[in-house]
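Shared between the two complexes below is chain A, which has chain B as its partner in the first and chain C in the second.
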Partner chain A sequence: MHPSLSFEQAPPISVPYRFFLVAPWFGVLAGLLLAWSGGDVLASRWSPDTLALVHLIAVGFMLQAMSGAMFQFIPVAVGGNVWRSLWVANAIQPLLILGALLLVAGFHFSAPVLLSAAVPALLAGVGIFVGVVLLALWRTPATGMTLWTMRIAVAGLAVTVLLGALLAEALARGLDLPIIELTNVHLAWGLGGWALMLVAAVSYFVVPMFQLTNPYPLWFARWFGPLLLVMLLLWSGLWFRDDLRPAQAFGVPVSLLCVAFASMTLRLQYTRRRKINDATSLNFRVAMIALLVFAISGTAMAIDPTISDDPRAAVWLGMLVFPGVFVSTISGMMYKIIPFLNWLHLQRLGAPISAVPNMKKMIPGDSMTAQFRLHVLAVLLLLAAVWLPSLAEVAGLVFSASCAWLAWNLTLAMRSYRRFRDQIRASVLRC
Partner chain B sequence: MTIIIDGRDLQPPEPMERTLEALDRLGADDDILLLLYCQPHPLFNILRNNGYVWTDNLLPEGTREIRIRKPAD
Partner chain C sequence: MSTTQPLFQHHKHCDEIFADAEEACSNGDWTAGAKAFASFAGQLETHFLSEEEVLFPAFESATGMSSGPTEVMRGEHRQMRDLLAQMKLALVDRDSDGFGGTAETLLIMMQQHNMKEENILYPMCDSALGGTDIGNSIAQRLVAS
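Up next, the complex of A and B:
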């Protein structure tokens, strides 16, 4: 690169890295908890350890990775600047980790005091995060549906965490609240309003960029997020009516929207001009197939509610959506975002282009592909374990191993960054 | 002269690398036409900080035409 060019200060690389490096370890814990608890934990979505498992993935793995990604994604994709990002990251990451661990321990030990203790930590951590991120997303001069969909997603996170805090307090203090209905709404906002919304926002940008597909059609990007938001608002209201049949039936259009997103992403992958089957593309493909199966299963349950009489049906949906859709998507994204992040920050050191190593040298491709294969095996075992509980231990261990491998690959990326940074600094000093 | 960089079939960071290399040989009357499917904000930051001017035009099929010039004296 031209050594005279100057770069605007983006967040220090340690800001997103700290979240990415911690996230997989929550997955490791989730796998170990499943292996330790055994198949009984998969009998119902309401068992304490099932709730602990779900929150290890949702508040541990997903929230860490998605927060870290947003710190870097906002400047790169929508040109925004997160206010005092290093200070904010220093403040919120311990709160999010503490909150997640307290919440999970509260469920696991059925300890109301721990559930109550988790609430202020998570409210403070997420509250600060939502505040600074929304400010950055509002101040940026950029336009486009990635930006608008991200704004909706952050609002979705706020709704999810407020409802979660209410539920945790209700469980801890025995408040007389409609727990089941509130839980359904909390789950719908967490999965749809926050997680899927953010995946869509980020996908509009990174799928064409990293997977070399055509862009998402403008009409699709314009309608998907707002339509999902409207559906979530309507669905939330329906759950509090006396007659639950409309709420159950409303699962059909919501599922169809999931089918639309998954089908569009798979179609873009299928019709791209350069076929690159790296770990990111493969993870995305698995995630979209899992989203399709999730939506088809959800539709079947909405049309014939007797299917949901078997409590394992809800656990099946959970296995599809948490490890199947979101762990796959996030892993795939991290395998591109982190090498790109390394490259971007190495460029800023002012070395010639030839001195900055190719992105492919940041994490060994074979190691990413092998970890992806282990992850797919883990997802298949987890799905099978819902109906064959004897598989739960091995499924948990394989999932745990896959997440540990992901953590190792990300650690290799961090080491690559340090090594190349030191080499570039040494060469600049020699000039 | 217009230097055309079609970044739509290139994996990041290749479009940015090629653009930064093209900036080195950009004459006063030249411009760079960069074709992408996204807004390259990190590149925009570099251009802004170094006094380049650019236009960003979104075509109906999703391609962004980004034209980069040296600032007029």
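Up next, the complex of A and C:
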């Protein structure tokens, strides 16, 4: 049988769930750290606590959620068989959590020993993950741009983490390396090569599916990922030239590519056949608007480098992209994937479908929408706090509360699953 | 025209009337909702039957694969028929939460089912059944519905 034609290879529900349930708590920590550190932390992208904040979101929130989603997505969407997914999840999740916490503590306390200690944990965790996932993506007989874009994204993750490990060791041991240039390349691969690439790959599949939009045009899906990859390769080289102006100017075409993806997704959403708005479609829309503002700001900074003279300009970009684009996208995705996973696994327990509660009974809709509103408020406050540092404490607390609420909603979903599972098992036994 | 082209296009048609039914019922317009739902349920049943009575048997006899992908698709048709029955009950009871929740579940089920067919099974059928008249018989069934 063709591997894509059933869910037999889909992992046990505990595999994606463990990553989804942990991810928001890194967001809670990030908000608390910002509230505790205050507005000074937003004065520059290079302050230790700014680096700690970025990695709480990137290595904590995003990497957890994206890893969990890939375990689920690869078998279902591209028919790949992830080798021993339960074993791999058991092995890598503690490594990723430990690595993220050590890294963040290393930045926060400016402690080289902690930075060094984070490196093997993250290299091992991400290394196993990348190896297993690439194997699955390579062996699947499926074709199409979701698959190819996903392969590029996983390679992008590997590049990001290798560069990150090099940077952490350079900081910890005082190695004589071009730290600023390497950081720019590390950031570009993390945001573009891994995160945006993965969002694109998944969007090709889920945007038409969840919202009944037209598919992304084939020419777009064929060109977007490979073009972004080529641009990242070129950009990486330009940062190491003596004259930095070409590297700065190259921000324009990269930003235009972001504009293209955001505009295409918004256009598809605008012309969607399904007019119902829910927490998923709203989160996606906010994410794409944030990506547009990010790209416009990036273009302005590339055209007029004096704007970047204010170190807060880079922090502004970070606020747009981390909480604005990626936390929104991930939250929206989790709000749709998790109720469907619940339903999918419950209906496999052997009860008639009429006995399986529908997707909307897994997480209260009002609670998801209210959390989404709080998240939008948090993003707006975070953006304002870049220019009005006195808002940093309240922005941090609101972001923290929003992430805690997300965690609570996901916990409710897990409880619903357990409750319905026990009810169905009891009724199947009675029959 | 490939053998499965009419079914491919019919997926989009079903999506559109699904969206009409869901929107009307979520706005409390039960009369329009009932009409759109009846049309959607009828079209979906015609689609399933065209596959189960024409396409799948032809594919199975051409390839000898009778317990493979077509069996999985038949199983998913059963699940979607059950969900349709639940939606119909909710519609009769004017239970907007029940209708909306089951509609959402059916939508995701239907979309991932369609993607499996469009990306994998239909191309397999097109290569196994090229040169036959199966595509025309399917198109006639769908047009007549």
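The definition used in the following text is that the second predicted complex is superposed on the first by the 423 of 431 C-alpha atoms of A that agree within 3 Å, B and C clash if a C-alpha of one lies under 4 Å from a C-alpha of the other, contacts with A are read in each partner's own complex, and residues count from 1 in each chain.
To be clear about the criterion, a residue touches a chain if its C-beta (ideal position, glycine included) is under 8 Å from a C-beta of that chain, and two chains touch if they have at least 3 such contacts.
Note that this is a predicted model, so its numbers are computed, not measured.
> Return fit or clash for chain B versus chain C, each positioned on chain A through the superposition.
clash
> Between chain B (first) and chain C (second), which, if any, makes contact with A:L233: first, second, both or neither?
A:L233 sits against neither chain B nor chain C.
> Which partner does A:K275 reach: the first (chain B), the second (chain C), both, or neither?
second
> Contacts for A:M359 in the overlay, against chain B (first) and chain C (second): which applies, first, second, both or neither?
So A:M359 meets both chain B and chain C here.
> Pick one for A:V76: touches chain B only (first), chain C only (second), both, or neither.
both
> Going by the contact rule set out at the top, does A:G144 touch chain B (first), chain C (second), both, or neither?
So A:G144 meets both chain B and chain C here.
> In the superposed arrangement, which partner chain does A:F205 touch: chain B (first), chain C (second), both, or neither?
both
> With the two structures fitted on A, what stretch of chain C runs into chain B, 23-31, 95-103, 113-121 or 131-139?
Clashes with chain B appear only in stretch 113-121.
> What is the shared patch of chain A, the residues that chain B and chain C both contact?
Residues 1-2, 4-6, 76-77, 79, 142, 144, 205, 208-210, 212, 273-274, 276, 340, 343, 347, 353, 359, which sit in both footprints.
> Would you tell me which residues of chain C are touching chain A in their complex?
15-16, 18-19, 22-23, 26, 68-69, 72-73, 79, 82-83, 85-86, 97-98, 100-102, 104-105, 107-108, 111-112, 115-116, 119-121, 124
> How about chain A: which of its residues touch chain B in the complex?
1-2, 4-8, 10, 75-79, 142, 144, 205, 208-210, 212, 214-218, 273-274, 276, 340, 343-344, 347, 353, 359
> Hey, which residues of chain A end up touching chain C in the complex?
For this pair, the touching residues of chain A are 1-2, 4-6, 76-77, 79, 142, 144, 205, 208-210, 212, 273-276, 336, 339-340, 343, 347, 352-354, 357-361.
> What residues of chain B sit close enough to touch chain A in their complex?
It comes out as residues 8-13, 17, 20-21, 23-24, 37-39, 41-42, 44-46, 48-50, 60-63.
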